[in-house]
Structure formats: structure tokens, C-alpha cells
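Before anything else, here's the structure in question.
Chain lettering (A, B, C, D and E) follows the sequence in which the chains are written, and residue indices restart at 1 in each chain.
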Amino acid sequence: MKKEREVIVETTNVKKYFPVAHNQIVKAVDGVSLKLYKGETYGLVGETGCGKSTFGRTLIRLQNPTEGTIKVKGKDISNAPEKELGDLRKQMQMVFQDPFTSLNPRIRIGDMLMEVLKIHGIGNSKSEKMAMAMEIMEKVGLRTEHFYRYPHEFSGGQRQRIGLARALILNPEIIVCDEPVSALDVSIQSQIINLFLDLQDSDDLTYLFIAHDISVVKYISNRIGVMYLGHLVEEATTEDLFSHPLHPYTQALLSAVPEANPHKSDKQRIILKGDLPSPIDPPSGCVFRTRCPYATTLCEDLKPQTLDIGPEEGHRVACHMYAEKHYGTTGAMIEAKGKELAVAK
Amino acid sequence: MNNMKQRTLTEADLRRMVEIRNRLTKEQRSLQLHKFLRNRQAMVGLVIFLIVLFAAIFGPSLCKESPVALNVLNRLKPPSKEHWFGTDTLGRDVYTRVIYGARISMIVGVSVGAISGILGLIIGIYSSYNKYADEILMRICDGLKAIPSILLAITLMTALGADIKNVIISLTVVNTPTMGRLARSAALVVKEQTYIEAMRGIGAKSRRILWRHIAPNIMSPLLVQMTFVFATSIITEAALSFLGAGVPAPQPSWGSILSEGRTVIFTSQWMIIFPGAITAMTVLGLNLFGDGLRDLLDPLSS
Amino acid sequence: MLKYLFKRILATIPVLFIVSIVIFSIVYIIPGDPAAVILGENASQEDIQALRTRMGLDEPPIPRYFNWLDNILHGDLGASTANGTPVATMIANQIKPTLNLATFAMLLALIIALPLGMWAAYKKGTWIDQAVTVISLLGISLPSFLLGLFLIMIGAVKLRWFPVSGYVPFSEGIGAHFNALFMPAFALGFIHAALIMRITRATLLEVLNTDYIRMAKSKGVHNFVLVAKHAFKNTLVPVITIIGQSFIIALSGSTVIEAVFGIPGVGSLIVNSVSRRDYQVIQSVVLLTALLNITVNLIVDLLYGVIDPRIRLDR
Amino acid sequence: MKHLLKALSLTFLVSAFLLTGCSKADDTSATAPSTTSTSTSTTQAAATPKVEYKDELHVAVSQEAPSLDLHKNSSAIAREIGRGTIWEQLITLDANSEVVPELAESYDVSDDGLTYTFHLRKGIKFHNGQEMLADDVVASMNRWIVGFSTAKKQVGTARFVKVDDYTVSITLETPSLLFPSLIAGATQPAAIMPASVCADEDSKGFVKEYIGTGPYKFVEWKLNDYIKLERNDDYTPYGDPNKPLDGWSGYKHAYTKTIYLHYVLESTTRVAGLQTGQYDIEFQVDDQAYATIANIPNLKLLKYKSAEVALVFNKKEGLAADVNVRKAIRSLVNAEDMMVAHSGTEMYALSSSYMNEGQAFWVSNVGDKYYNLNDPKLAKEYFDKAGYDYKTPFRILAATINNFDRIALVLQQELESMGVPTTLTLVDWPTLTQFRSDPTKYDVFITSFGNVPIPTLKLYLGATWPGWSADQTLQDDMLAIGTSKTMEEAKAAWDKAQLYCWEDYVPVVALGTQYTGYGLSDKVEGAQLFNGLFYWNTRVKK
Amino acid sequence: MEKNNDLLIVENLTTTFNTERGKLKAVDGVSFNVKNGEILGIVGESGCGKSVTSQSIMRLYDEKKFAEFKGKILFKGESLFDIPLPKMRNYRGEKISMIFQDALSALNPVFTIGEQIREPLWIHHRMKKDAAKERAIELLTLVGIPDPSKRIDQYPHELSGGMRQRVMIAIALACSPELLIADEPTTALDVTIQAQIMDLIVELNKKLNMGVILITHDLAVVAETCNRVVVMYLGQIVEEATVTEIFDNPMHPYTKGLLQSIPRISDEKQERLFMIPGTVPLLSNVPHGCRFAERCKYAEEACRQNNQDLESCGGAGHKVRCWKAIKGIN
């Protein structure tokens, strides 16, 4: 990855907490910092409830971040009022997981696309809007005859194309894709994935690709971030991550993925103990320590910092195991941490 | 910044699109109609309802007599050629009164259904959207719901005076909280749908989201409920008439005819049997129709 | 659980407050002068005016409202203008018939509706199903006073099985009590039987189509057990809702039935009080019935928790 | 599974229990009505001593009294429950509406006609055991005067005073020939109750206890349910035990131990209850129920002329303030239609007299030539004379009780058929009592006036009563009745007043006389019908 | 292979549903067999009839009104369609058990998991409460649920997704069935949990020597767990072979397409994924001839005319429904 590439989105320590009953708080996203470079696909993986979707929604300001900053093209939009988000909406769009609930069942798809244009005051006349809508439909592989059909008249794959058309019609630069293919059948999935890739090539799009299917993410992404319980535990280029997974969680996750290759069934699998802890009351220190085979008392006491480490540059991991390598000694690390705390105070 | 070419539509293109639209609309309509026609219960309900509606609209011009024309000395005559359903205690033609009563009862039912539906929609939508509005509106709804409906209606009728307008107001007050609750819960479900989130992601304003995207999607349960409110209003109006707080004389509502007729139930049953049967049939028809409507309006079950 | 209860009880306060405002306002605009009603035709204007003043009817509405509220908060519900019976006593006397009537009606409704509704769902699409549907719709379509009058004509006048009217307290014999209540309860319960039948049928159909029913089937569970055990308990949640609602409606709807069958219940109390312009009674009784309704709702909500372990009330 | 079985079996047990419970109770109730006895005459009943009677009498009434404090309210139902039954009066009326003594041994009038002295019977005991003495009578009578506005007007500041323990007297300001009739037949009965009870009023000014001297004691009033009366075993009857009751006077046997007056709102239910024997008597049968009862073999019907139905004009404001408009309507109405609409075919009598045969002395047909004309042409002449524009709606006000609304409908139709637009306001009774006092709200309202012993008690002839008959000539005539020296003189004055009303002033249009009916099981004996039905000597055969 | 080694033989199974829109053949002439102790995978996309096949084996559909079965199902030589329903009921849960995709909806929410595990034990073995409880704890331990004596009194919603799936397996295993039908057992689960559950199924299969039918859409899962695979498309079997055969030597164009269109974790990145064009046709609108022809890039006119039967091709029980593959064209 070349360093001079343009950073299009940068998040710093983004947190999203949800209040629940009894004055408790669900820490869905708890301090995620990452950068999206222009034109790349950033894959965000993690299991159900790890906060990856919440992060995506927060990123495009469907929800307001509890804390932290989100910069899009250098502009901080994390606290911008709704009225000023118009431009952001044009720049960033989202494609949703469920092709069945993401389309209003009572609005014809052509009307829906034209409505998007109307909201942003694009296109002068009705026929101009219609032309633009039809253009985008063709682009995602829908026929213009479908202009006046209702969503329920389409199959899942086609609906996902409609969802994509809705996102693309505003000419965005960044698209947050929230599990866009996980609800689709295998044979349709590949069609949609290819469509994503084609559009990226033609329109120079940047994707934040959120998914739990690691093989899909691996296929489509340039870089991958791994989330666990609201934290980004590891981040690296796709090749790097798969060849050298550092975080114990990443290692377990990758080993658990089944392979469509009957000859490889003898591979070593790391089976994790137990279940995901509750995000209401996450473990102290390292959030993964309750299931980590290498956990020590240090992991219990101290939250690991995200360190850029690993065989290649841009491989960041949040695990005490690698602190020594980074700082030289564990002691130095703790010292560094102490300083950081002092500064924070 | 992207290489989308601006494409223009020719007249022919537009014409073709209009054609497609018309064809599709027709197709979608006929599909729905087909689906509805297959639902035997709903069809029966609709037919009954339409007959009564027809009677309500055109019936009065089909009747020779006035529903309020008294002929006291000709009172309580059994059904005959001149008076198909007999005459009532003031010698009025029961048949004519039942036909005109259809009009009054329909007006009451439709108005109460429609007004409480609309109010319910507004209440539901805003309380699903705004936390403070929700608190206030729902407390008011809870309060009104907590008062037994008939009692509320009686006291309201006594307070406002016997008048068809006030019957409508009373029954609307009684039915709106339920409608509001229903609309609110439906709106809360719809609000969580991804397409609403998508609209927000696109930058749609709240008002657009509320009225263009949420409202149409909660209309089905509301419409269905409206047919039931329509039906129960007819029954409740009858109950109010029975308690002396319904549509006042001389206007004939089914309720007031029945209520008058009950005093002669031992001797002149025709005053009960005909209007009673027609009331029951109409309400039955409406309920059947409402059930059918529920299936029909569900966009996913096509 | 206690915390939940406490919270719910706390939440009733604004509701009751609104009820009190609503009912006070309505009663305030009711035309007619209770003093004139009590004193009758011969009374002179001065006498009427004197009585009005004595009854505090000349006070402006807002002090009157707060006065009433204040009295209520001190446990004083006022007294009837008719014979000076305290409202509290009246309610204590008249709530029993209404409650017994509504309860008996609901019991009858359940005995009729649950098995029929379940049978109809189990036999979906057959003539049994259709018959049940039509009966249930008919039940909703008949004004209850007509049903009541028909019952009187048949059950009392023709067959002489039941007394025409009146209420026999439980203390005067269980048999007589139920005998006197049977027809009114039936007239009142029929519509609710219809509602419960419908909802039972619909819910059971839904439940029968779930994975856990298939799962139970795959365990080798007998069809009867499938319906009676696995499906039934799951059907109960919406059914309980409708029973709760029905019970409330029955409490209210009993007004008509009480009038038909001459039962001295809360409904007839209100109707009489309205015709007497017995303001204190109307206001206090409505407020207390509202409280009763809220309590019924609360009980229903608590029952959810008992039936469905997923519904956790302390959340 | 176990739970379910339990629940199921419980359900079955409950339903089985219900069924058996029903059928058992059914046995007892089914025996009540039988068709063996056909005889109804009392003499026959007396001749067969074997006849057994019930301890209880069940009466179904259609409405509840606003209060039982007779001094202070004038409802017919309170009157019929209380007068002569719980409470007795110093003097009362016989069947000819003549004044006869009741609690008084006798009474006399001073020669100047101003002082009335009442000699009390001795040894009369109140229900609380206390003896009735002059103090009690004075307290009661004075409370009555204050509570009953007509009496107050009549006597002015005069009050009863105690002469000795068994004598009371009152000295009027002006002579009043009719004063005894007022006491005996007042619509707010001059009930005698203990002085202590009179003094013990609640916050609204009503007595707290219902204690009298009558043959029945008040036991319980369960609001919205029933009033229960029990025989007063210490009652001291008067009159001849072997003679039947004469009007309200005579020997009260109090055969039946307990009387229940059940409040049953629904007329159909009352009739059904009468039919099944659940009730022995139905109070105030309405017109339709009359036909039903007439058709059922083991029921009988009693009726009496109870009231005059009339249209009362608002003479203060609006259209009817013009006498020609009033005359127009007088000429227009078809009294028969209205009476049939109101009372049904059997329960009315056409009559122009403001007083009916219940007070035979006062009946007067001087208005006959203006009564029931049904002449739209003449009406139009009067309307034209009044300069009526046929646009201003004529406002009819009526209450929805007692079928007054039906009369309103007939009147409406008659007016509209001659081109007079109308507005109809139908309200419940309490609202009517308010609206009719407001001259801006109506032109005519419809009501009926119960029997009164003397014409001066006719409310609508009062200057301040709704309708406002504040006409000097009329008021002078009315005054003349009260101050007459002899009854003949009084009658002449009344005839004059009535003619003036029909001919010139038209304060009201009398439509006719209405009957009040009572349905009785044919097992009921000895019910006394005189301006109401009274149960003193009633008994029900088993 | 000897015939008596076959635990279940499905012969020409056809399941037709009576719906409002007429009759729908959800499964059309499906034949396969399951041997003792083997895991058979049934793979296909949604709507291909794989779940209907499994539920037909259990006869879970309402046969009076809704479903019609044709063909034969022999369980240990006994024809399941010929036995009366009460007897079939005895087989369910005792000899043949089933686990479902979504444990949350497949476990009855209003009964504790203990009650639900005890139920088959009571139905089939009349086991008393205490004994059944002991057995339930034993089963929960077997499926790897920690602290089973506590869990037994909990309700399904109180457990995590993986736990619930384990509970369902425990229920299925309660009477030690000879055949376990697992209908998409891990689709709703995360990969790490999926790995746990699949390992458990394989382990139990070995330990208890029961036949397993694993129904899934995930070829990777099949590759890791199954012995043999049946690939279904639109109600029909298009290919049947051992796992290695399918992956090494897929013959039907559909199978080939499926295998190529999934991104694989261990492969080098291709430029574009392979795509099967179009979508699966509706059951109400089944194409004439070969059902895959519309989407098949090798299809010829002949394919659209005649539907090829499933025929053996190559060795080791490899069967395929494509005449071109059989003849070795392509």
C-alpha cells in the first residue's frame, strides 16, 4: 500500500454507546480508529454483535457518535447538525444487508430513485430525473422496463441491485456496504460481488465492506479490519492478515472458516471457548481475554494499545503479546501506558 | 467526477414509459383484484356492504314515503303491501326508516371510522417520531382508554347534546386512542425498517419520511381497523340509542329504530326483526370485508 | 418485579390525572341543574339557587376541580345527592355485581371460545372452521341489548329457566347467584367469545406454522398434545391480551346489559347518576373504573410474564 | 400436560356445576306462576279463608326518586312510595278529593277563615317508638311550608304554632278556603315526622332519616337497586276495618310484611318480569307495555287519569310571545294525534279541561270550542295576523322521557306541513329543567302536569314558572279563586280563568288527559288506586 | 456395498404441495441412500427442495390437505409411507431425529430446555421425571454445555445461539436415533460457533455411529464434514458423488458453477468471480427439459427438449444429470 494515497475518511476513537434499561449502557463501538484510502475496499469483519454494523452506521451519521471524530476529506462531520449533512449524504452512501426490508414496499423503484434526486435537488425536469434514474438502473444491471415495478416483484439479487442503484444515483465517493451479500444465494452472491467490483473500477469508489463471511471479505478487500466486542483488534492488508494473523482472535476466526476443499480437512483448528461476553459489561483490560488461550493477568488489568507492528507496515494489532516487540520490554510498555494515562488526565 | 453520460429522454421514450406504467398498473390491479375475488368471505362482505351502501345513497330516492312522515292513527301495523316492514309506534313506515337509517348509520360509521383513523394516524406517526409528543399523546390516549367507552360516550353525549354530529364526536373520542395506539405500534415497526434508515441515509427530511414512507406503510392495519371501527360504531350507536343517548329523533338510525322497537318486542316484532337483521348483516359484511382487506393490503403476500 | 410494579403504579398517576381532567371537564359542561332535578317541579328559583350554593355548584370550575381532587386524595369520594349514600359505599356495593357479571361473562366466553377457536384452527378450511368463523362474526354483529332481550324472551318468559332480571348476591346462595347472572353474562360474553374465538384461531394458525411445532412433531409428539400443550401456551399471550381488553370492554359494556337485566352495577350507577346529574358520583366512579381498568391491564401484563418467560418485566 | 388436564377438568366441573345450579334454582322459580286461580275479587278471597298469602310484595318501578324527603321534592315516585305509607299527614283526601282527617282527629276554621286549628290523635307512635306530639307536627308542617314553594307563597309568613301537646294551629294573613286541600293533596306531601328528624338535615338540606307514622317502615334504599319497606307493627290505624279504603283515607291493614320496590330501567324487562311472576306489580306501565299486558291472561291492568299533557309557550321572548302565534298553534294542533303518539291508543282521554275527573269538582269544559280544532287555515290566519314571516324557525323543546318527544314530532310535522320551519331540541329531563328556565332557548315546550287538588297549584299558570304566564288578568283571576268565600265562587272564578286562557291569553295548549297504568298479577288483591297506586292493603296470593 | 448397510433409501421421492396457486412439485423424483454411520450432504440454493426432502422423510407435512407424497422411503427396509401415522410418530425422535436451522425459533420459548429434552424420553421410553432429568444432564454434557444441571431449568432465550443449537442437538439425540437429519444447522451462527457445532456433529456421528443427513447451502461446510454429497437444483438431484469427487471432478455445469462462484479463503485472488447468470426459476414455472438449461452456458437445444435422468458416470457412485457430462462433452 503506497503511503501517499489520499485519506478520504479518518475516524479517531469513535465510540457509540446505547443506553438500555436500568441505566445500563451497551458499548457497541468502543474506540475505533481507522483510515479509508481513496479507491480502496476496506473489509470489516467480526462476529454478530461485534459492533461492525453500528460502526458503519455511525460513520455515515445515521447515528451520532457518542465520542470521537469522523473526518471525511479532512472535514470533521462527527457533530455536524443534520442540515449540514447534505453534502456528506451525497459523498457517502450505504447499501444494506436485507434486500427485503431495505426497500419501501409501496413505492415503485423508479419513483424511489427519482425521489432521491428530488431530495437533493438534482435534475431540472421530471424527464431529466427519469433519464438519470434509468441510466443508473441500467448500470446496476436492471432493465428500464422495471422502472414502474414494486420491490416485491423482484428477487433478492435484483433488490440488492436496486439498493445499490439508490446509493449510486447520488454519485457518492464512499459506499458503506453492510453485509450486502450475506442474505443472497451462492450463485447470486457472486453476481453482486462482481457488480461491486465493476462499479468500483468504473466510478473510482471507496468501499467500507462490512461482512461476517471472511472468504467474501478476503476476496473483495484490499485491507481488512477485525472487530471484537466494539474494538478493532487487528488491521492489515488482506495478504498480510491472512498470511500472518497476529491477534489470537484473528487466528481463531480464520482457522474456523470452513474451506471448500475436502483435501485440507486435517488443518489445525483453534476452537474458542465460550461465548461472546455481553457488551453491557465487557471484560476489563483486553476484551478478548475471557476467551483467549494466551490470556495473562496483564490482559486483565490493562487495555492493550493498538500498535503498528507486524511483518509489514500498516499491520496494526491490539494485543499485549506484541507489546514487547514494539517497546522492547513489557515494563517500558506499561510505562508508556502510564504516561498516556497521565496525559489523558 | 464520474463518467456518467447525461442521457436525455425523447418524447417516444416518455410515451413508452407511460405505456409501461399503465400496463403495469393494470396488471398489478388485476392481480390484486384477482386475489380479492378469490377471497370468498371478503367478497360476500363487500357485496353486503355495497348493497347497504347503495341503499344508503339511492334508497331515499327509491322510497315513496318520508321516514319522518307520521301517521299516528296508523301505528304499529304489521307488514303489508303498503308497508313492507310494517309501521312503528308513530305510524311511520319501518321500511322507509330502515332505508334512511342506512344512510344515518353509514354516515356515523364512515365518519367515525375515517376521523378516528386520520387522528390515529397523526397521533401514531408523531408519537412514534418524537419522544415528548409520544409521552403526552400516549398518556392522553391511556387516559381516554381507561374510561369505559360506553360511559365516556354517554357522558359526552349528555354534555354535548343529542345530535348526529355529537354522536360522531363521542364515538370518535372513544375510538381514537385505540387507533392511535395501533398506528403508533405499526409506525414503530416501520420506523425500524431498513428502508427508513436508507431514506435518512439519503438525506430525506423527517416530514418526508413520516408522511411519504412511514404513513403509507401503516395504512393497511389502520384501514382494516377502520372497517372494524365502522362496524362497531353502528353497534355502539345502537347501544347509545338504547341508553337514550344516540342519534336523536326524528332521524332514523338503525340504533334508534331498534331502540324504539324494543318496547313493542312482545307485540310488534317486525319493528325489531327487520332492522335487527339488516344491522347484523351489515356489521357482519363489514367484518368479513375487513378480514379480507387485511389479506389484500399486505404487500408481501402477493 | 417489585420495582416493575412500583414503576407501573407510578405510571398510572399521570393517566389518572388525565382521566380526572377529562371527566371533570365533560361533567362540567353537561347541561342541567342537579338542584332543579332534586327539588322538582314546584321549586322556586330561590330554593334552587340556595341548594346550588349549598352544593357548591356556583364555584368556578378550577377551584371546584381542585376541591374534588383534594377530597379524593384524602379518601373522600363525596356522597350521592339522592340519598346521601357515600360514593365509596355505592361503589363498594355496585362494583361487585359488575365485576361478577364481567368475570362470569368472560368465563363463559372462554369456555365457549377457546375450544372452538382451537378446533377451527386445527380444522382450518373445513366447514367447522367456516361455521366457527360465521358464528364468531355474528357474535360481533348483534347489538347486545337485542341479544339480552331475546334471551329474556326465551330463557325467562318462554322456558322460565332463569329470572328475568335482578341481581342475587353471592351470599344468598351460589346457585341463585349464577342462575340470576347466567343470561346477562351470556349476553355480555357472547361478543367477547366471538373476539376470543377469532384471535385464538388466528394465533393458533400462526403458532402451528412455527419451527418449534415442527420440532415437536419431529420428536414424535402426538397431534393433540401438540395443540394442547406446545401450541396452546404460546397462543395464550395474544389471547390474554384480548381477554384483558375484553374484560375491560365487558366492564364498560355491562352498562347496557345491566340496564336490560336490571342489575345494580357500576354501569347503571353511572347512567342513573348522569340522569340525576349526580356529579360527585359520576366523577368519582369514572375515576375509579379507570383505576380498575388500569389494574386489569397491569394484571394482564403480569400474566404475560407468567406465561411467556421471554417477557421479562424487570427489563 | 398435567396442568392442562387439571384446567380442563376444572372447566368441565365448573360448567357442569353451572348447569346443575341453574336447573335446581329453576325448580323453585318455575312453581311461582300458575294458572289455577282466576278470581280477582276481594270478597271472594275473604270468603275462602284457606287462601294463603305471600309475605313479600315486589314492585317494579321505572325510575328512582331523586330523594325521599317529601317536603323538599315533588317527584311522583317519591310521593307514591312515601305518602300514606311511610308518612301520614294531618289531613288527607278521600276518593272525591274531599279533605278528611288522618293524623288529626279533626280540624276547625275560625270564622274569619284565617285560623286553622288541628286536634291531633293521641297515642300515635313514630317508627322510632316516640309518640307524635304537637312539637313534631309544628316542626314538620313548618319545614314543609318552607320546602314547598306553593305553600310558602300561600301562607306568606304565617307558621304553625303549638297550642298544647295535641293541638296545633296556624293563622293565615288572608283567608284561604283551599288551604286544607293544599295540605291534604300537595305534590310535596306535608308528611309528619319527628321534630328531631326535621332538625337533622344533611349538607344539602335533606333529612337524614326516613321516619314517619305510617303502616310501613322504611328499611333500606339500595341506590340503583331497590327500596325496602317493612310493616310497622306499632301502627295505629284509623277508620273502619271492614270498609274499603276511601281515596287515601281509611283503615290500612298492611297485610304484606315486606314491600320491595325494584328499580328496573328497561320497560321490556319489567313486563317480562311481571309475566314470569318475578314482580307482582309494575309501576307506570308505558303505552306499548299496556297492549302487551292486556294480552296476557293472568295479568290485569289498572289505570287512572293522572296528568294533563300540554304545550307550554314561552310568553317572555321569541315567536310565542305574540298571542296570535299562540292562537295559531292552538287552532292548528290535532290533540288526538298527539295524545295517541304520547300515550298510545288506550291511555288517554280527550279533554279541554285543565283539571280532570280525579278532581271532578273543578272540571270545566269552557274551552271546548277552542280545543282540538286541527284547522290549518285558521292557524294561517293567526300566523298572518301575527305578521309571521314563515322563515323564523319555531323552536320546540321537549324531554326524551315520557314520550314527550313524540308529541314534539307530531307538532313539528303539523307546523312544517303548513310551511312553518321548526327546530327541535330533544334533551333529557335534567337538561330540560334547565333549558325551560331560559327564555332565549325555546318557543314552546311540552310537558304534563300531575293532578293537583286545587287549580291554583297548576304550575303553568304561575307568573314565575317557565313559560312565564305573567298576565295581570290571569293572575287576578287566579287570586280570586284562592280568596273566594265559597267553593261555588271559587269554581266560577276558575271557569272564568280557564275560558280566558283558552280564548284570549293561551298560555298553554292543553292536549288531553293521560292515564298512568299499573300492571298487576291477578294474584294481587287490594291495591288502592287513587292518584297513584298504594299498597297498604295489598296482598299477593301464593 | 451390501444392501443391508443402507440405513435409509429414498426412491423416486416426489412431494407435491396443494397451494392457493395450484399444485407445486417441490421435490421431483429424488433418490439417494444413507448408510450407517455416514454423513450425507444435501447441497443446494434456497428453494431447491432440500428441506422439503428432509421433512418428507419425517412426514411432517399435513398429508390430508397440504402435501402429497409419491415414491418410496425405506428406513431399515421398512417403507415409511406405508406405515400408519401413529407408528410414524413412534419413529420420529426415536429412530429418526431432526435439527433445525434456527434454534431460537425451533425451541419452544415457553418451556424450559429440561422439559423439552425430557419430552422425547417420556414419549418413547416412558422415562420417569428423575431418570429423564439425569439423562438430560447427561445429554447436555455430551453436547458440551457447561453446568448442565443449571441450564436445564433455563428457557431457550436465556442461552446464547451456540448453546441453543447444542440443546437442539441434545434433544435430537435423546433417544439415540439411528438417523439424524440436520437442516442447515449452522446457517444462523457465526463462524467460530459454526466450527464448534460442526465439530460436535462429526464427533457424535463417529461416537454414536448414526447416519447423518446434512442439509446446507454452504459447500465449504460439506467439504469439511460429509462423506458423500447430493447436489439439488429446483427439486431435482443434479449430481451425486463422494465429497472428494464433487470437489475434484464436478461434472454438472451447475455444480461446477457453484464451486467456481464461491470465493475461497485459501485461493489466490481471481480477477472476477465466476457467475452463474440469471436466477433460479419459480417452482410454479419450471422450465421444460433440463431445469438448469436457461442458466447453463453449455446448453443446447437438446437440453431444452429433454430432461436427462440421473445416471452413473465415472466411478464410485458418481451420478450426474447432464447428458453432455455423461457423454464426456466439455
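We take it that a contact is a pair of C-beta atoms (placed from the backbone, for glycine too) under 8 Å apart; a residue touches a chain by one contact, two chains touch by 3 or more.
Note that the structure is predicted; figures quoted are calculated from it, not measured.
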Quiz item: Which is the least count of steps on a path of touching chains running from chain D to chain E?
Solution: 2
Self-check item: Centroid-based (C-alpha) most distant chain relative to chain A
Solution: D
Quiz prompt | Chain centre separation in whole Å, for chain E relative to chain B (CA means) | solution = 50
Quiz item: If you average the CA atoms of chain B and of chain C, how many Å lie between those two points?
Solution: 24
Quiz prompt | Approximate Å spacing (C-alpha centroids) for the pair chain A, chain E | solution = 33
Quiz item: How many angstrom between the C-alpha centroids of chain D and chain A?
Solution: 88
Quiz item: What parts of chain D, by residue number, touch at least two of the other chains?
Solution: 266, 268, 427-428, 431
Quiz item: Going by the touch rule set out above, which residues of chain B reach two or more other chains?
Solution: 158, 161, 262, 265-266
Exercise. Indicate the residues of chain C shared as contacts by at least two other chains.
Key: 31-32, 149, 153, 259, 271
Quiz prompt | Partner chain B, residues of chain C touching it in the complex | solution = 14-19, 21-23, 26-27, 29-32, 133, 137-138, 140-146, 149, 153, 248-249, 251-253, 255-256, 259, 267, 270-271, 274, 282, 286, 289-291, 293-294
Quiz item: In their shared complex, at which residues does chain C touch chain E?
Solution: 125, 210-212, 214-222, 230, 233-234, 307-310
Quiz item: Residues of chain A touching chain B in their complex?
Solution: 57, 60, 62, 85-86, 89-90, 93-94, 96-98, 101-107, 115-116, 119-120, 127-128, 130-132, 134-136, 139, 144-145, 147-150, 152, 163, 166, 170-171, 173, 202-204
Quiz item: Can you name the residues of chain B that touch chain C in the complex?
Solution: 41, 139-140, 142-152, 154-156, 158-161, 231-232, 235, 238-239, 242-243, 255, 258-259, 262, 265-266, 272, 276, 279-284, 287-288
Quiz item: In the complex formed with chain D, which residues of chain B make contact?
Solution: 68-70, 72-73, 75, 89-90, 158, 161-162, 244, 248-250, 262-268
